[in-house]
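Two complexes follow with subunit A in common, the first pairing it with subunit B and the second with subunit C.
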Partner chain A sequence: MRTRRAVDRSFSVFTWAVLGLLSAYISLIVITLMAHVSVESYGDTLLSGQAFSTIRLSVICATIASVLALLFAVPIAYLLARKNFPGKNLVDTILDIPIVLSPVALGTVLLVVLSSDAGKLFQDNLVSFTFAIPGIILAQFTIVVALAIRSLKAVFEQISPRYEEVAYFLGCNRWQTFLGISLPLARTGIIASFILAWARAIGEFGATITVAGAVPGKTETIPSAIYLGLAGVDIQGTLIYTLLLVFLAIVVLLGVRFLTAKRSG
Partner chain B sequence: MKRIMLAIGALGAVLAISACGGEGQTLELFVGSATKPATEEAAKLFEEKYDVNVELHFGGSGAMLSQMKLTGRGDIYFPGSSDFMEKAKEEDIVLPQSERIVVYLIPAINVQKGNPKNVQSLEDLARPDVTFAIANPETVCVGLYAAEIIEKAGLTQTLRPKIATYAESCAKTANLVALKTVDAVIGWRVFQYWAPDDIETIPLPPDRIPRIGYVPIAIAKSSKQPALAQQFVDFLTSQEGKAIYAKWHYLTTEEEARQFAPEAPIGGEVELLEGWR
Partner chain C sequence: MIRIRGLFANFGSFRLEDIHLQVAEGEHFVLVGPSGAGKTLLIEVVLGLRPHGGGEVLLGGQPVRGRPVDGVSVSYVPQDLALFPHMGVRENITFGARVRRIERASTERKLAELAALLDITDLLDRQSIDTLSMGEAQRVALARALIVEPRILFLDEPFSSLDSYIRRQLIEKLQEIKRTLSVSIFQVTHDHEEAFMLGDRIAVMFEGRIAQVAPPQELQRRPATLEVARFLLARNILEGEVAEIDHKAGRMRTRVDELCLVSEAVDHFSPGQKVSAVIRPEEVHIIRPDRLLGPKVRENLFDGRIERRVPTPGGYVLTARIEGLKTPVEIHLSNCAFDDLNLARRSRVRISLKAESLHFIPR
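Up next is the complex of A and B:
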């Protein structure tokens, strides 16, 4: 018995130790980052209107891109989790392509498509993406929608179809079953998927800068400000924007977790 | 659901407001990000003076050229150094006759602030306790110049095996020192003013500077408003425009550059010798 307890304790020590080690490592990075930035540079950067518009643009675009991604991902993931159809594997693989491509490659492909005759026609008459704000959203959406589908598909697969069958036989139509049974059951998974998509979108750089460019005050997001800071050998500016991204992510992700825990608890 | 739709609507409204720019003529520039602070200041002055919008796209000079090529957009190409302008001419993206020199660049040794390893000359780079790097001599002009400097100083055999890495742009060369990745680089004199808290320049004696670099500007072939683009180029190369770059410690006249290297030619073809590739 005693040995069993000792083994159990060693397991507990092991998991705590691993958690402690990794948390300490990441905290060390953030603390070093904070210590490296001089107090004056915080003021210089954060008080400039430029920083405000960059943060606002980043938050707005990441949020719209993630919401759009979920609007597509929820029905697609549901369908893929519930139905079998000829060519399903092929469709599934096609949807995965944006995950496989490196962001810069994806951005380049988007730019090529948008610069084709059809792309130009579309942009001239409907929405202009190249070097414009919708381009940021398009790039981020393309990157995160596949991630959202992937994570939501796993969520729907774990929900037993029996609940839906029961609701259906009790007289609910397909819409009612989906909205009244499947969606509420998948709620936590959908929120987790949104967090994943948002976090990926706000940090997205390669595809965004390729499609939308980085015009300060117009299409410059936090990651492109970080890149431009480094490209302009402005180490302080680079680190401040990095810290900003860290804190923004902490606030939003912690906020979402807090809100959802409160509601489901 | 209603609340979510409201939130999306509000976001859309904010976005629409932030997307609204001023009306009128817009000049689109693709700029190598190394000159970002000075170029932003110059563009702002030009906007006020001539009542036009100047849209500055910043990034690596090569990435900027790729975007111009892919999208067929842009009025002006303003890379960080001459090598990319040569490429732009080869790729038929700029009007070669419109090319002008905005500032001159002097090769030098750059070390970490305070010069902790006490590097004073090219010979010091050979010391075992000193690590150093150069830019890629095949793709970046400051790297090509560094290779030429080492060759002309007769230090190829001692220095070449010691090069820690090839940086892929001017800015990344400067960052190697600013982030303390290496003790020294052979870069431009102006690096010191890009990051005065992190970088210090150790000048090379004039007889060790085989060539003077420069930052060129040219009008894009695709420009639909070449007259306005020409006006911007004229402004940048006028006394007024040059004064802004001088404020950021760039050398804006040939005479100033000549003080550092009286005999050296400005730019020109350099052949990369075997062994550097």
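Up next is the complex of A and C:
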């Protein structure tokens, strides 16, 4: 009869083996990616003015979209975490639609809205979105705001309402309670949520290319540069942009891990 | 200061029912009951943190309708204390004063006074509340609640997570606070020792209902129901029947098994009425064989035998069998009294159930 210790050891071996297998698989993808890029190509692509403009546009748009998303997501997530009201489930479901729809479908819907009479009026008189930089921001915002609401709702739900109740009795009004207690307590969660939103926004392709197109030097972001590079059989350029996204993903995910570990620690 | 009339509130399958309470200015009112009695729900309804279905709740004269009232200075120390984790000790304590824009010099003076009163002066410069022990955190939470000089202080199980030594220290601190500051206190606890040491009046609550409201001594000597008596550890409950009442002489005889207990007459009782006779273990006396008997002890003096003795931190818990009584009685003795009586297991003793210590509850 096998001892319990031997069975326990087999479980340990199994979990480590699964972890090793998947880590090796993903590492293999990244290493293969790096191996296929020649050293000269890094310089050729990254030092070109167009690449700089693409990276700059991607970073700026993702940052603006993420900040805007958080401006909406923080109060909405707080409200959903703290209050019960009639139709809450319906509102919650509506806010989840951007997560469920595929990005291209969402981009198509946005285009239809922007092409409507009201949309045209708005674009003619205020901000033009179609095939323009605000279109990138709008597409990225629409994709990431729902994600930000989801993650922030979980953050606020983890904070005991007792803190706010005590603060209220100590003399805070609702604004002071929110700004002085709830927001500082959710600080690391909000930063983590921003980083995740930013990472999702910078990698966004489907909705962005549908609404804003991919005009080189004008509305070309890193994901659309990858797409265009592949379409133009510029494999080296495509791989370099992909590596750039991998690098950004690693930085961002490590940042989130660090912040969440700090919060729980 | 607090007035509750005919309060009803539904919380799923649990409900608060027909609650009537009144807390006077400067009074320390303690709500005691077992876990799950609805004590915290009641405190939350009174604070306006939960809605109620019916009845009236007035806090400082203002009606509470499911939201905290404005204009009445109230402080609240919840069971988990809710010290703000993103602030140090000093910032936590002075938070209320800063929000209320109380003058800095006045806040600092008040902080120094409270810190001295609660023995937390050494803790003020701690930058994180994570380094505080539970007892220290409790005192910091009390200081934070008191610095805004509330008219009413609500305390929800403030000492529940402390060991008995620290709890006793903090109970003494709270007694000192009561003497020093003029604040009404509404406190919830499941610990009747804490309730008796602190409360000017005590309400006992079971399953969403108030069973009795009374000062500590009255509650201890005259529990209104058997549930209250059992909760307050009146361990000796003897079932019997009123045999005779002499209202003129003010005496009553109650038959319990083969015994006849003599006691003070109860006005609304009549012969033949089924009653429960309640006597606390501390009130049951073992009489030394050589002791001269006074008139108070001569009544209700019975022969018995010690069946069991269990040491406790303060003395002994004895179980004795009285001849003619089916139910054994519990007796609490101090170490000193136990040594003096030189009691062994199976010792024959004389046991006194003094008339004035007996309390009767109709069945």
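In this text, the second predicted complex is superposed on the first by the 223 of 265 C-alpha atoms of A that agree within 3 Å, B and C clash if a C-alpha of one lies under 4 Å from a C-alpha of the other, contacts with A are read in each partner's own complex, and residues count from 1 in each chain.
One rule holds for everything that comes next: a residue touches a chain if its C-beta (ideal position, glycine included) is under 8 Å from a C-beta of that chain, and two chains touch if they have at least 3 such contacts.
Everything numeric in this text was worked out from a predicted model, so none of it was measured.
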Inset, instruction - Give one word, clash or fit, describing how subunit B and subunit C relate on subunit A after superposing. - result: fit
Inset, instruction - Scan A:A17 for contacts with subunit B and subunit C and give back first, second, both or neither. - result: neither
Inset, instruction - Once the structures are superposed on A, label A:T210 by its partner contacts, choosing first (subunit B), second (subunit C), both or neither. - result: first
Inset, instruction - Examine A:L228 and indicate which partner it touches, taking first as subunit B and second as subunit C; both and neither are also allowed. - result: first
Legend entry - First, second, both or neither for A:E165, with subunit B first and subunit C second: second
Inset, instruction - Return first, second, both or neither, reflecting whether A:I181 touches subunit B, subunit C, both chains, or no partner chain. - result: second
Legend entry - Comparison of subunit B and subunit C by subunit A residues contacted: B
Inset, instruction - Give one of first, second, both or neither to describe whether A:L111 is in contact with subunit B, with subunit C, with both, or with none. - result: first
Inset, instruction - Figure out whether A:T63 sits in contact with subunit B (first) or subunit C (second), or with both, or with neither. - result: first
Inset, instruction - Working from the superposed arrangement, determine the closest approach of subunit B to subunit C, counting only CA atoms, in whole Å. - result: 17
Legend entry - Sites on subunit A touched by subunit B in the complex: 53, 56-57, 60-61, 63-64, 67, 108, 111-112, 114-115, 130-133, 209-210, 213-216, 218, 227-228, 230-236
Inset, instruction - Could you please specify the touching residues of subunit A with respect to subunit C in the complex? - result: 160, 162-163, 165-172, 176, 180-181, 184-185, 187
Legend entry - subunit A contact footprint on subunit C (complex, rising order): 47, 49, 68, 74-78, 80, 82, 84-86, 95-96, 99-100, 144-145, 148
Inset, instruction - Can you check the complex and tell me which residues of subunit B touch subunit A? - result: 4, 8, 11-12, 14-15, 18-19, 21, 28, 33-34, 36-37, 40, 55-60, 63, 66-67, 70-73, 169, 171, 174-175, 178-179, 191, 194-195, 197-199
